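In the two complexes below, chain A is the common chain; its partner is chain B in one and chain C in the other.
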Partner chain A sequence: MVGPDGSIRAPYADVAKWLEAAPPDQLERLRIESELLYRRGGITFAVYGDAAGEERIIPFDIVPRMISTAEWARLELGLKQRVRALNMYLADIYGKQRVLKEKIVPEDLVWQNPAFRPEMAGVSVPHDIYVHIAGIDIVRIDADDYYVLEDNARTPSGVSYMLGGREISIRLMGDLYGAHRVAPVEDYPNELVSTLRSIAPKAAGDDPVVVLLTPGQFNSAYYEHSFLADKMGVELVEGRDLLVRDNFVYMRTTERPKRVDVIYRRIDDDFLDPLVFRPDSLLGVPGLFNAYAAKNVALANAVGTGAADDKAIYTYMPEIVKFFLGEEPILKNVPTWRCRNPNELSHVLAHLPELVVKEVHGSGGYGMLVGPAARAAEIERFRGLLKAHPENYIAQPTLALSACPSFVGSGVAPRHVDLRPFCLTGAKGVKIVPGGLTRVALKEGSLVVNSSQGGGTKDTWVVDV
Partner chain B sequence: MLSRTADNLFWLSRYVERADYFARVLEATSRLAALPAAYSAPGNEWVGALATAGCYDAFMKEYDKPTAESVIQFLAFSDKNPFSIRQCLETARFNARAVRTALTVEMWETINGAWLELQRMDKSTLAPARLTRFTEWVKDVSLRFDGSGYRTMLRNDAYWFSRLGIFIERADNTARILDVKYHILLPETSAVGGGLDYSQWAAILRSVNALTAYHWVYRESLRPWLIADLLILNRELPRSLASCYREIVDGLDNLAGAYGRQGRGQRLARALHNSLDSGTIEKVFQTGLHEFVTHFISDNQRIGAAISEQYLI
Partner chain C sequence: MRIRIKHRTAYAYDEPVYSITELLRMTPRDHDGQRVRRWRIDLDQDGRLVETEDAFGNMVHVLSLHRPLDSLAITVEGEVETDDTVGVISGAVERFPPGLYLRETALTRPDAAIKEFAADVIGDDKGLEGLHALLMAVKREVKFENGPTDASTTAAQAFKGRIGVCQDLSHVFIAAARSRGIPTRYVGGYLLREDGMVQQTAGHAWTEAHVPALGWVGFDPANGISPTAAHVRVAMGLDYLGAAPVRGSRSGGSEERLEVTVAVDHARGQQQN
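Here is the complex of A and B:
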């Protein structure tokens, strides 16, 4: 909220006044009310490995995160550039592989990447789009620069919290909300369903049937799946509701099997089709991949997009943007040491207490080391891991992430935030609703914003200043 | 709509209806058990409650002896009994969560709100001594769920499947009461007479929420054959077998209309409805009340299975 010179940044002017004027118990009352709204609506998520917390709500911080329209415009350009490059990169590695032949990206990062799907080589996808829904995690470090922390090109989640947060702002924060002109986000489900319809096979005609495929109600994001299906007006299906006959996909209905043209799948590649991927998967649909390869059904995201979003490929994104688009990247990468290179590894080992170390294939904030916050034993454990399998890790400096005023029980205090805008790519180009999901590390000093690790969310207001 | 969605809606309604029925059975039984010994029937009211709920065998696996305490525990609160009221509500909410998009917000909030409240209840609330408060609450939940469905759902297949669930379950419940209590409804038992029979008969009517209705319909004191008439053939009583079947036939006709085809479910339901509609209580007693009810229960099950085969799998 505060600029380098100590003054309140322009988009926060009214928020600061509002916080000052708010009676001390008002914030607590609003927090309780917002929690009730979430709880009653069943807006929950599950934490894996935590039996007691089968259904929890993500803490919602009622103080909004502000972004000016001008800032957003530049961010939007950068995001569009980034997702275009991600899609071109995927089309290339599953097609002509120029990026490998010209040695922009080392071959083994593709071939040895468990998320690379050789089955996809030579399979053409509608409009050459692989990542229809991308969640690009972004942090701001100083007044001018946004950095990409992570590209999520598989099945990024969290958009229901962006939409739910906005509803709560409007209901509970009417006075502050009304004092601003806030760019709307509520058309996201509408944009999503248009994007999905735009990639339907030609044979589907003018009114393609779209479904959302969920692993079921034990999945941590089940609430989001049912919420999005409802808002889009499409069926929420599980694997057992679908069947494949003669390379076409159908759903079992109370009348007769009904053709399905587009599947927004929220299950991982591994579980999609037991005949092609993991044979023990009960979540998927036998024969789905063949129907997909025969272009009788479209999948969003495409199979094999994980090959573009792991942390090793991330380090090459600036080169990938330049190579495919011939442009300078608008969004920067966080400086990253690739531990696979011996001299970079020795630098990392020498500076472990200052660095953040991440698993190349990890996600969700599991299995990472935050040097400045870690105990000595934890650092030594990671030293061992790094020496044993350096290729599995990257390291980054701990960033001076921007902080936003947040309500933390004892009062309002700055907490670190990131931003996940949701980028939709369809036949007609890239669409991004203004803002996205702001995640906040509610523990003092913490830099980890993942909901599975005690993070919360905020509503994000893109406002005219 | 998806078969799985229809199946979930059907069973969601059944579980809510069943929870409501068990609450009424427990209330009626507590009332009987509170009478002086001179009024009580031979044997044990709580055994009767278990039989009416169809849970006697399951109970005897868990407990040695049916006492007030143990039966209430088992039918209302136990997590070992898959059909205890508490488990019915758990299962209903599980089904509701799987088909959230097919429910209206009001229905979802009722069932989810009830479930949340259930999570907050502790040993002191879920105790036999507090039974009445609990059963009142359960009846209130089912009333709100039923009412919000009736008031807010679109009249399409989702609605008809959820209504079918209610009425198949309700018909089964009414028939089960008759099945267990038929011996005190036979005309000859009226010779016993006295307060004992009155209490027993009133308990039957209370279990299906029909004691006041009886007086409005027949305007005389309780007679066993009239009770049987009310519960089996009366077209006005919403829990009578005849009423349930009129609703079931309507629901199935609506589905057949929407989907443009009839099936086995429609044929079987119509036949059963016709026999109830043209039947008389004299004929029922000639066949034998017990035989009649046993037949009805298996017919009702067969129709439930036909609906399932036709639409839900």
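Here is the complex of A and C:
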């Protein structure tokens, strides 16, 4: 909220006044009310490996995170550039592999990447789009520059929190909300469904059938799946509701089976089709992959998009943007040491207490070391892991992430935030609703915003100033 | 050599199944040591086979039947002419560079024991000598025997039990070779047996490893040899799952009885080329 010179940044002017005027018990009351609204709406989140509670609410912080329209415009350009590059990279590694021939990316990061799906090589996808829904995690470090922390190109989640947060803002913060011209996000489900319709096979005609395929109610994001299906007006299905006949996909209905043209799948590649991927999967649809490869059904996201978003490929994104688009990257990459490289590994080992170490193939804040916050034993454990399998890790400096005022019980205090905008790519290009999901590290001093690690969310207001 | 193959896969179900979907990798292709002279797939039920090709260049037929059935039999039958190429595979469909075949899969992930075994046997020799040493070592260490293993047995499990069938020996060979940085892959096919045993209960499986100066070279760990004119190569992948003759799923039909018969013989009774 505060600029480098100590003054309040322009988009926060009214928020700062409001915070000053609001008595602390009002903030506490709003927090309780917002939690009630969330519970009533059923927005809960199951945290893996948490035995205490199967489902809990991600804390919602009522103080909005503010972004000016000018700032957003630049961010949007950077995001569009980034997702275009991600898509071109995927089309290339599953197609002509120029990026390997010209040695932009080392071969083993493609061929031996667990998320690379050899089955996709030579399969053509509609409009060469692989990542229809991308969640790009972004942080602001200094006054001007946004950095990409992570690309999420598989099945990014969290958009229901963006939409739910906005609903709460409008209901509970009406005055403050009304005092700003906040760019709307409510259109996201419509944008999503038109993106999905735009990739339907030609034979589907003008009114393609779109479904959302969920792993089922035990998945941590099940609420989001049913919420989005409902908002989009499409069927929410599980694998057992679909069948493949003569290489076309059908949905079982009370009448006769109905042809399905586009599947927004929130199931990982591994579980999509037991005849092609994990044979023990009960969540998928036997024969689905072959129907997809035959272009008889479209999948969003495409199969194998994870090959573009792991932390090893991340380090090559600036080169990937330049190679495919011939442009300088608008969004920066956080400087990253590739531990697979012996020189970089020795630097990392020498500076472990200052660095953040992440697993190359991990996700969601699991299996990472935050040096400055870690106990000596934890640092030594990671030292052992790094020495044993350096290729599995990258390291980054601890960033001075921007902080937003947040209500934390003891009052209002700055807390670190990131931002996950949701970028939709369809036949007509890239669409991004202004803002996205702001995640906040509610623990004092914490830099980890993942909901699995005690993070919360905020509404994100893109406003004219 | 001209080899005749007849391979019948028959399912019988206690209660009718109402839906069957299968991917069949049962159709060989030509390469320098192999020419398919005639080949056909027959179903004993009305149904359509959709012919496709997978990313590795294998011929795949997709079978989907959605009506009550109490049995199903798939029969492939044909003749293939083969030459002895001293194990070198050239002229085959190649969709990926050798580097892809260093990938770990669930069935071929080496554990500490396999890594140690591979280091002892191969050391840093990525050439023919190291691979031949590995071939003999796998044959010696893992006893060929039906029974204890099944289609989901991993290389590490088979190596630990020191027992397995051609699929398991191949997985151990692959896991070991890849752990030393040698691109290696799984091959499914048929073997005309030297002992004249025409009737068999399954197809055969072996491996191919990439040797820089030669390209892909076959290694048959179950027999401790490189493939000869007696081997008919049908499908290739990273492991068994990529080359399995049938990957299928069904709904309904509580119990399934599966009967596989494979007959591999000299065509028209001829003994030599």
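Operating definition for what follows: the second predicted complex is superposed on the first by the 465 of 465 C-alpha atoms of A that agree within 3 Å, B and C clash if a C-alpha of one lies under 4 Å from a C-alpha of the other, contacts with A are read in each partner's own complex, and residues count from 1 in each chain.
In this section, contacts are C-beta pairs under 8 Å (C-beta built on N, C-alpha and C of every residue); 3 or more make two chains touch, one makes a residue touch a chain.
Values in this document were obtained by computation on a predicted structure and should not be read as measured data.
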(request) May I ask you to decide whether A:E378 touches chain B, chain C, both, or neither, giving the answer as first, second, both or neither? (result) neither
(request) Applying the touch criterion given at the start, work out whether A:E167 contacts chain B, chain C, both or neither, answering first, second, both or neither. (result) neither
(message) Contacts for A:A121 in the overlay, against chain B (first) and chain C (second): which applies, first, second, both or neither?
(response) second
(message) Quick one: is A:D230 in contact with chain B, with chain C, with both, or with neither? Answer first, second, both or neither.
(response) first
(request) In the overlay, work out which of chain B or chain C sits against more residues of chain A. (result) C
(request) Would you sort A:E391 into first (chain B), second (chain C), both or neither based on which partner it touches? (result) neither
(request) Check the residue A:A293 against both partner chains and state whether it touches chain B (first), chain C (second), both, or neither. (result) second
(request) Considering only the touch criterion stated at the top, classify A:R39 as touching first (chain B), second (chain C), both, or neither. (result) first
(message) So in the superposed three-chain picture, is A:L243 touching just chain B, just chain C, both, or none of them (first/second/both/neither)?
(response) second
(message) Going by the contact rule set out above, which residues of chain A touch chain B in the complex?
(response) 39-42, 216-217, 222, 226, 229-230, 235-238, 240-241, 251-255
(request) Provide the residue numbers of chain A that touch chain C in the complex, in ascending order. (result) 107-108, 111-112, 114, 118-123, 243-247, 274-276, 278-280, 286-287, 290, 293-294
(request) Could you pull out which chain C residues touch chain A in their complex? (result) 19, 21-23, 48, 50, 52, 54-56, 60, 62, 64, 66, 95-97, 99-100, 102-104, 106, 152, 238, 241, 247-249
(request) Under the touch definition given earlier, write down the residues of chain B that touch chain A in their complex. (result) 1-6, 94, 97-98, 100-101, 108-109, 112-113, 116, 157, 161, 255, 259, 311-312
